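What follows is one structure encoded as structure tokens, with my remarks underneath.
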Amino acid sequence: MPEPGYYGQFGGSFIPEILVATFEELVQAFEQAKADPEFWNTYLKLMGSYSCRPTPLTYAENLTRHFGGARIYIKREDLNHTGAHKANNVMGQGLLVKRMGKGRVIAETGAGQHGVATATMAAKFGFDCTIYMGEIDVQRQRPNVFWMERLGATVIPVTEGTRTLKDAINEAFRDWVSAMDDTHYVLGTACGPHPFPEMVTWFQSIIGLEARRQVLEETGQLPARIYACVGGGSNAMGIFSGFLDDDVELVGVEAGGRGLETGAHAARLASSDASLGVAQGYKTFFLQDDDGQMKETHSVAAGLDYVGVSPILSHLKETGRVRFSAATDTEVVDALSLTIRKEGLIPALESAHGFVQAFKEAPTLSHDDVIIINQSGRGDKDIFTVADAFEDPGWKQFIRDKAKEYDAR
Amino acid sequence: MPEPGYYGQFGGSFIPEILVATFEELVQAFEQAKADPEFWNTYLKLMGSYSCRPTPLTYAENLTRHFGGARIYIKREDLNHTGAHKANNVMGQGLLVKRMGKGRVIAETGAGQHGVATATMAAKFGFDCTIYMGEIDVQRQRPNVFWMERLGATVIPVTEGTRTLKDAINEAFRDWVSAMDDTHYVLGTACGPHPFPEMVTWFQSIIGLEARRQVLEETGQLPARIYACVGGGSNAMGIFSGFLDDDVELVGVEAGGRGLETGAHAARLASSDASLGVAQGYKTFFLQDDDGQMKETHSVAAGLDYVGVSPILSHLKETGRVRFSAATDTEVVDALSLTIRKEGLIPALESAHGFVQAFKEAPTLSHDDVIIINQSGRGDKDIFTVADAFEDPGWKQFIRDKAKEYDAR
Amino acid sequence: MLAETLRAKQREREILLMTHIVMGYPSFDDSLRVVEAMVEAGVEIMELQIPFSEPIADGPVILHANQRSLQAGSSVERCLAFGEEVAKRFDIPFLLMSYYNILFKYGVDAFAKRMAEAGLVGAIVPDLPPEEADEYLAAMAAHDLAPVFILSPSTTDERMARITRVTKGLVYCVARKGVTGQDTSFSDDLDSYLARCRAATDLPLALGFGVKDRADVDFLRGRADLAVIGTQTIRVVEEQGVEGVKPFIEGLRPPLSA
Amino acid sequence: MLAETLRAKQREREILLMTHIVMGYPSFDDSLRVVEAMVEAGVEIMELQIPFSEPIADGPVILHANQRSLQAGSSVERCLAFGEEVAKRFDIPFLLMSYYNILFKYGVDAFAKRMAEAGLVGAIVPDLPPEEADEYLAAMAAHDLAPVFILSPSTTDERMARITRVTKGLVYCVARKGVTGQDTSFSDDLDSYLARCRAATDLPLALGFGVKDRADVDFLRGRADLAVIGTQTIRVVEEQGVEGVKPFIEGLRPPLSA
């Protein structure tokens, strides 16, 4: 009988003593919410009226024809309010915060997506909101900083460490240990100490529940395979949740960055570069050196650029239930480009990782097979990154002209 | 008995002889589609599986409390695929193009929203696509140009005239008269020669049909008033359509720009600056000089910055069925700001015009009353404009740094 | 009346020339000198275009001329005065050409009255199909002016009949799809199209869109009654100045004495 | 054993001092000189922190020291060697402090063995609650080392009992919410919290987080057994150099002879 919060040897709750009481309160609130069918109904209602759930399952007819194999369906988390599956998690945690009677939320953010989602939830629920974001990400992802500030959140640039996502997480924990009485830390993915992996997965399972119903309705059959990108693992766990007990192959796709052989990647489960460790409150595979110090990671997709991974996914890898692969930056931009042109869909760079692997495998399957790709978010938020990836000269000129305009005033 | 295509004295079809046959074909295809219930079902199915329809009707609890009058509901067209109600129109016309067996679409665009929507539809349906866009708009709205190009469309900058929306329309007509055999012109709003006003309204009426059902379900009553911004008039006609026969006050809000008294606005129906005229193929109120030459218009919202207006709305103004007002740029930025902070919603600058008027009137109504604002699109597409409107220093620095980075390479 | 005038001129010339200018481009002085040169070069009839901010049926060259004329400050009144001046000064018929809004804003009847007073003989309004033209037709009739309508290759026989029924003076046949100022391939298709036009009306047929040189005009001889030279003269003025106009026009047909 | 050592020292001094350094910050040479100065100034016990890339329980000053030490190339092995060196050279007990991953990656038992060989007496691992500590407790016991656990004001009495049951040597009581390096208000609340800690265990109580000057130490006299000076000595070194350490520490308590 595994301890609560453990998935095989992964997970746990490695937290400073000062937070233990807070976590106990959170675990309790979460357990009560899970046991209360009204809570899930309230959650469904909120997501249906504030976001756009159920999100559609779109048949990608042109891509299907292009690859000439399996019929490709796309689960459209990009159509959520704020543009990604992150909305599911934050709105769920928002309801829990209300239940706990707290008035302030904090969050880490890398790409800015989870920060915007949290700031949005905070505006909607009337919470104070502080977002921690690595200084480098603040610089790279200014548009999201702008929106977070408009939404009333305080964005604090984190200047220590690698100045990216993992350091923002550390900083959020530091805030939390100082202010846990009235503050809830809205962790953005299925990582961190118990109950976060389970709780975030629970809220995200709305994706898989919908997708299962939809694919049966639409095609009368279960999919052969499901593809999802894996940063922390929340969108993947979200869609996988609906199919764990089915005869459906689940494929997680990590950031291959410049190639697994270069070391400049964020593949914790698809490469042999990661090893078991304990950091940021939980035990999982980390990209770390022999001393246990965390390494720098790389991905064209800021949201996948993280050293750890959901302990639940580590476990599902170990049991063989989920297969993992990696997509390189170049493959990602190509898959993105093809998807935009063939279907008029703009996946986020993160999501495009799932598309890469699906495109590799679709031709090897039969037209009788159905596959689902989880489009976790929309890519138009990434224009600065995508335009750079495409080396678009018109865009560069536009930015130069805009800078001149600002200088002139 | 009015002639087809006329709404009172407004509308008609003032087109070059060379296009008459093309319009006859279009009218016929449209009439057949309207008469065929399968067509509308196909349309609903497409919008449900590719976009996110029905879009939610969100109760704006915080704004309601803030203003202390009518209960404010928001129809969430921002959650459409591509981020605005424009999707409804283009996907509908796309189905019609397929029915007519044509292989190429063209469109005008101002803000770029309709261009992106059309390019998206073209990618999805496999049509060739050319988008005409005023040179000034190409410069201002580069992000949208970037996406249109990624979607496979050719974007042609229009260098004549005011180099904005109306000139792009003229240029699209010029293309069409050269290539109508295989080309359909996807006009972006409820303007232009018959059947466009009626046809675009028909596709957009999906908004009103949904909203009526939703508000009754949610509140058990009809709204007292409905607010929608008016550029060409398509989103307004879309939502109004569902309530024309009801005892519901309909309010259209035009661009007041720098103030009606300054002349720098785009208020055709809410000001006395416009007069009846015939241009771009139809008869309506235009902002024109005494000679009949069109004037330059101004709005912070590119999508409202247009000289003409739907002939159907001109008629509904004349009959008194719809009331019109204008919102200034400053009021719009304030309403946007408040809405972001209170509800976590980011209306497009265009849509925010509707919010301005609703906010003025909500406190004068009772809590027993319900009002609906049509949030025609999302504002995160407008970051360059919004950041400028807010004079955000962090944003400016970001752009300067980005420009330096490009110069350095 | 206009039709008879043209028929009379056709006794001297098998194919007549109708030329086109945008009034006020590049200036009213230049416009006057261009008209003068054209009349001297033997042009039989002219279209004077009042510039409009939204000329949807015109191609880039004429569009540009419209814009520049407006930017230089030309007004409808100034254009009408110009029309009056040339109509009094030169002994050929002048048609006005503009988009419907110019007439509509002026007041259609007032506009026709003013045209008649100015000595202009008719008008071409490319965005006004007969279906929308009741008021215009009444006004033109009341002031004895020729409403010139347009036929296109995609116009059905039935519609040709309907259009020519309300047309006076001449019928303007556009040679092809597209806007003004593009090349037209003068081919068999054109032949059969013109035959259809001929069958629809006894009025002189003016063929426009893309006529640019002597070969084109030669091709039209015996097929149309008038060749319309629009964009090409604007190009000539832009490239060679007003001086280029007369030689260009004269070169389009063999000399009269020949 | 450690507990007895401390109790023995308490016969001379009512309140003991435990100080903290991040090994390798700003350099191992400086670290050595700081230890030397502290020992000379009469510190009774020291925490030696092995830097970690993700020190979630530390505030900005110690966080920064962790980062700089790592950037300067300090390794776990080098830190252990440093621990060994000072343990041999100076006659006070030394505890290691680090995050659990450092031990975990090394191998928890191997780490404990190495500590014991180095002459270190115990460890503080702030992100390792007793619930997750089975392996660690076994290794520490096997090598006769003191596992020092932490209590906080939000720890319930029940949980205090559970934690102190597995703790050896001393109990580390954090004074308040928050991370290291912030001000603590030494007040009645603290009083009742320390009374609860005292009730839970016979072990010496070390109070940490925010102790920064003589007034704070005076306040703790009679309430806690050890005052922990963490962030403040790093600040002193940063502001006054290693020279500042000895006078600072000496100033925290009245001289022994007094």
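Letters A, B, C and D name the chains as they come in the text, with residue numbers starting at 1 for each one.
Going forward, contacts are C-beta pairs under 8 Å (C-beta built on N, C-alpha and C of every residue); 3 or more make two chains touch, one makes a residue touch a chain.
These numbers were taken from a predicted model, which means no experiment stands behind them.
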item: Those chains which touch chain D and also touch chain B; value: A
item: Chain whose Cα centroid lies at the greatest distance from that of chain D; value: C
item: Chain centre separation in whole Å, for chain D relative to chain A (CA means); value: 38
item: Centre distance in Å when chain A and chain C are each reduced to the mean of their C-alpha atoms; value: 66
item: Centre distance in Å when chain A and chain B are each reduced to the mean of their C-alpha atoms; value: 33
item: Junction residues of chain C - those touching two or more other chains; value: none
item: Of all residues in chain A, the ones touching two or more other chains; value: none
item: Arrangement of touching chains [line / ring / star / complete / other]; value: line
item: Touch relationships between chains, expressed as pairs; value: A-B, A-D, B-C
item: Chain B residues touching chain C - in the complex, by the definition given at the top; value: 12-18, 20-22, 160-161, 166, 169-170, 173-174, 177-181, 275-281, 286, 288, 290-294
item: Interfacial residue positions of chain C with respect to chain B in the complex; value: 52-60, 63-64, 67, 70, 75-77, 99-102, 104-106, 126-129, 131-132, 149-156, 159, 163, 174, 177-179, 182
item: Chain A - residues contacting chain B, complex; value: 48-52, 55-59, 62, 76, 79, 81, 83, 119-124, 126, 139, 142-143, 145-147, 149-152, 337, 340-346, 380-381, 383-384, 386-387, 390, 392, 394-396, 398-404, 406-407
